[in-house]
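Some structures to go through are shown next.
Next, two complexes with subunit A in common: one pairs it with subunit B, the other with subunit C.
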Partner chain A sequence: MESLRDKCAIVGIGFTRFSSNSGVSVMNLALEACKKAIEDAGLTNRDVDAVLTYNMSDSVPATEVATGLGLSELNYHLDQWAGGNASSGIVITAAMAVATGMCKYAVCFRAMNGRSGFRMGGGGRGITEARGEDQFLAPYGWTSWAHSFAMFFRRHMHKYGTKAEQLGHIAVACRKHACLNERAMQRKPLTLEEYMQEPMRVDPFRKYDICLETDGACAVVVTTAERARDLRHRPVYIMGAGYGGGPLPNSYGLCTSAWLNWPDHTESYAKYIAPQLWGMAGVSPEDIDVAEVYDCFTGEVLIQLEDLGFCKKGEGGAFVEGGRIELGGELPVNTHGGHLSEAYIHGLNHVVEAVSQLRGDAGPRQVKDAELALTTGFGYTVGSAMILRR
Partner chain B sequence: MCKPRKPLPVPDLDTQEYWEGCKRHELLLQRCKQCGRYRFPPSPMCHRCMSMSYEWTKVSGRGKLYSWIVVEYPTHDAFRGDAPYAVAMVEPVEEPGVRLPGGLVDYQGVELRIDMPVEVVFDDVSEGITLPRWRPVGCRGEE
Partner chain C sequence: MESLRDKCAIVGIGFTRFSSNSGVSVMNLALEACKKAIEDAGLTNRDVDAVLTYNMSDSVPATEVATGLGLSELNYHLDQWAGGNASSGIVITAAMAVATGMCKYAVCFRAMNGRSGFRMGGGGRGITEARGEDQFLAPYGWTSWAHSFAMFFRRHMHKYGTKAEQLGHIAVACRKHACLNERAMQRKPLTLEEYMQEPMRVDPFRKYDICLETDGACAVVVTTAERARDLRHRPVYIMGAGYGGGPLPNSYGLCTSAWLNWPDHTESYAKYIAPQLWGMAGVSPEDIDVAEVYDCFTGEVLIQLEDLGFCKKGEGGAFVEGGRIELGGELPVNTHGGHLSEAYIHGLNHVVEAVSQLRGDAGPRQVKDAELALTTGFGYTVGSAMILRR
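Presenting the complex of A and B:
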């Protein structure tokens, strides 16, 4: 069996305005982002023949978007029930679909009214009946992803002595980058002192450790490397890919049982997919020019950087200090501002940014001569990542 | 507008024995009949050996603090009056690696630390529901 390496490319990107109240439907957002991505590729609705998306019951189905776009053919589609873990994964699935000839041009989107509509973080959701796995959490006021991930990250602080200031460096870097990004929702400069002065929201996480909530959508178009050569932009090739999780429990990751039973909460899915990711791409962490790392919370960036081998396990805190992850540093991370400062489009905005960087279109936040980019999608026990190259 | 109410567990076919035990102030965990391992949350199958044979077993209610959070800014309105409140993951002495979520009680003035001993206390929150919570042990000269 041939490897997926370099077989496919991202050829179009699209995004809507990012806001806290879009004033339009999720369908409107989805169609706008897809249309922009298709046009960015130099294609039309006569060309695209596949639609893929992921959602957590907060979005619109792929087939309805295909209909809304007026596609003349639909040769593949996917509605994946998934969170941010699928943000690179959905692109990988699209690549597999075009590489095997199932379809020719696939558009992947994520659309949500994540602030004015269904709020992922649980805000404003006053459930009174806790069903399923929620019955063991919500009655105690454990009602948010921030609660889970703060709980888990304390283990890293305990085991490795990771400090709040070190998380602060991640928040500050993201904000610095967002200040150079006109579409970022948060563009007010942030200092480490300001970060530390913020009271705890959910100890050990402060306000700036927690991602934004956003109304908006992103989309990307994927096709084969061969077709990509004839299109409008320089293709961004998918060089390495991984989508999976850890050893125990052998269940899909986005559930309480997987999280509660995870062997070691200082580690994530990234440790387990790293061999395949780097192996397929044939490159190493030191080759990466820019990393768009899923940042639902600051601590998760640190864990993934360790697990993917950018530094030794437990040394993530020191790694993110001293401007190393800022533009101009050794490894610029989240050059768009990430979920912490640009917008929360469930990781697909990270893929969009990586493509902009590799095209050399990132304007004032461009990483000079960026050739290789990393994107990740985090779900603690399960997640995805890609190595992209220009 | 009526006051927001705290969520209560809705026991289901997989979890009702757990909640029945709580009502009797007994902490019950499923124990696999094939490999003898405890598990949580309740599941029809042992995720280690795939056996579907198990028994609900009373455990001591003692454990170690695996991790905790202190919520200063609740996302559910019914908890606004409680903040700050602490929620923990506890490893029962019978089976480290199993983690039981639950609110922490009587922890004010106690310096919480990972691996500190805790014990279960039962809180009859409604006629039908009793919630297990966790209390630090031996911090105030109780033992």
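Presenting the complex of A and C:
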């Protein structure tokens, strides 16, 4: 096999209610999402023989979920210790496993009580539990990813003249889409004026630049293209895949020396995986009909669009203006509302939305005749992305 | 691709000194082992584009090691949160990644200051940090894996009449092999009488039934069979692979409800992955020349030999008698001394030894004309295994 291109497909999607207080355990959320994804595929739990997930010590292990689902056997599993960079990555690993015959049907999930339970980005544990280089940053208040990413995006504004209003266009587009998505947590319309009226939280990020915190779970089922043809829905094929980053790919901690040594803070992992991603798929950015781009903060959407070649480096600010990234525009981005307005399920909700779009099941937010979708998982120096096709 | 069979090879091995106090950081150990494995393959750090590891919050992330090695790009990485069950599993995942074209040369490592640093099996954290079902066991002194595995093996003795002396044969064989291995931590000859004279530590386990604690690291480099032909050493091909377990595969915590519900405590994961393992390789247990079997405790070697079909269930006690598992016997087991007498590098030292044997580089402990080797990683309900061939 020279590449994963079109060897595998996503055949089932599942998700729980997205809320600020689920009232149930993370295990409960994980099992509900997995069960729904398996049923959506037209399979039963006992057909599934692999379970994959990623988390940062805030969730339940794949093997415990396998037990909860009552699988008859387990032929592969993954508990990737990682953040959002792994969101397309675990789907890619599932594809690797089914493509090489290690397992037949793999369910990938992400479950978290991210609002009511462990709040990963909140910085609450930052000072008392800072490790490595972080311990020298925490006393100065640098305790969350928002602090790191805000300073990095300031560099983009300095170097390229990117404006606050341009970040605002991303927040407004996501909210506009969320208003058409009945499962979105935030559905109150948002104007650019309202965006700008908010005070700075972490300069240059205002309230609506920052992702939500969510209790919930998502899951997808992956199998070979051959098996996919016999299942309930039209398969969504994995056409291109990239999972990595550039030199000094350290992505743990809030801002390790590796981040500080990163060659250019206006660039991300996406620049480095782009050649493999597009090369494997054999398509170009202009072929993409809908892009579900990891949005921990607005600025990271803009940086990834540049790094993946949707526009030139430094031109992302202009690219997101004028409705281009809204439904009806040239490249609808985060048609579910993204992390900013749908829910924060660590990027796996972006994969679920891409599959809905390519199936033509996205209802009032459907991108007409969507054939190719992009999904990404962001981690600055390390990340993942897929090109999916119907 | 129908299976991974012969698609990939292990092309480099590396290891640090094994000691009870390394005097250096875990990062230092990881980098040394990886660098040696890469050099052993005839490659440079900049050729490598994937890093994989597994640990239980006691080691360094793959991405930080990628940064330390100065890789020019990272095209796959794995930080599997797992115990020894993943030791063959990460090598299998590396093979999946290179076989599907996600990356070219993958280095897999395990690094730990397991004696001087975090002591995972010691139980010292058991009472204060017990979670889930464990909190109900810890007050009664059930705080380590030794306690769990000892009781499970008692069941084997009860059901099949397995004797203490038979466990002793495993400890004695490992020590005999370690005496021929200059990097082994324990090289004082051990007799069956000396074994039996030790008092019970955790009935039925005496001192020499229990693995060492080690500061050290091991690493292996994996690439495609095609690329392997151009490298320094004769490739060691991955002929068969299995990574999973049976029903209720929960393997976290010391003894969760899943373990208690496990159908038969005289059986392990190995029973469930055996059909895929042998089926993929197209060989049988009698074809294996040398077996490097995960030995957290002696009893687990015996159980895996049964479950993988080297003898019938319940006959493992007789199987390990009479020198059969010693060098010169029918099936030499743990020719490096294993976890019991070489070092506890969480099963990756077993993979390193299998490669040495198949290259014919094992010196005084070489199994003559070894062509096929077995490696395993044990986790009771979940584990991994490979068939390697020269």
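Methods note: the second predicted complex is superposed on the first by the 372 of 390 C-alpha atoms of A that agree within 3 Å, B and C clash if a C-alpha of one lies under 4 Å from a C-alpha of the other, contacts with A are read in each partner's own complex, and residues count from 1 in each chain.
Here is the rule we go by: a residue touches a chain if its C-beta (ideal position, glycine included) is under 8 Å from a C-beta of that chain, and two chains touch if they have at least 3 such contacts.
Source: prediction; values computed, not measured.
*Asks:* Taking the superposition on A as described, I'd like to know which of subunit B and subunit C A:142 touches: first, second, both or neither.
*Replies:* first
*Asks:* Quick check for you: in the superposed arrangement, does A:4 touch first (subunit B), second (subunit C), both or neither?
*Replies:* In the superposed model, A:4 contacts subunit C only, not subunit B.
*Asks:* Using the touch definition from the top, say if A:243 reaches subunit B (first), subunit C (second), both or neither.
*Replies:* In the superposition, A:243 touches subunit C alone.
*Asks:* Taking the superposition as given, does A:318 touch the first partner, subunit B, the second, subunit C, both, or neither?
*Replies:* A:318: touches no partner chain.
*Asks:* So which positions on subunit A get touched by both subunit B and subunit C?
*Replies:* Subunit A residues touching both partners: 248-251, 256.
*Asks:* If you look only at subunit C, which of its residues touch subunit A in the complex?
*Replies:* Result: residues 1-4, 7, 49-50, 57, 61, 63-64, 66-67, 70-82, 92-93, 95-97, 99-103, 241-252, 256, 258, 272-273, 276, 280, 381-382 of subunit C touch subunit A.
*Asks:* What part of subunit B is in contact with subunit A in the complex they form?
*Replies:* 4-12, 15, 39-41, 43, 47-48, 66-79, 82, 84-85, 87, 89, 97-103, 114, 125, 129, 131, 133
*Asks:* Would you pull the subunit A residues touching subunit B in the complex into a rising list?
*Replies:* Within the complex, subunit A contacts subunit B at residues 121-144, 146-147, 150-152, 154-155, 158, 199-204, 248-251, 256-257, 260-261, 263, 265.
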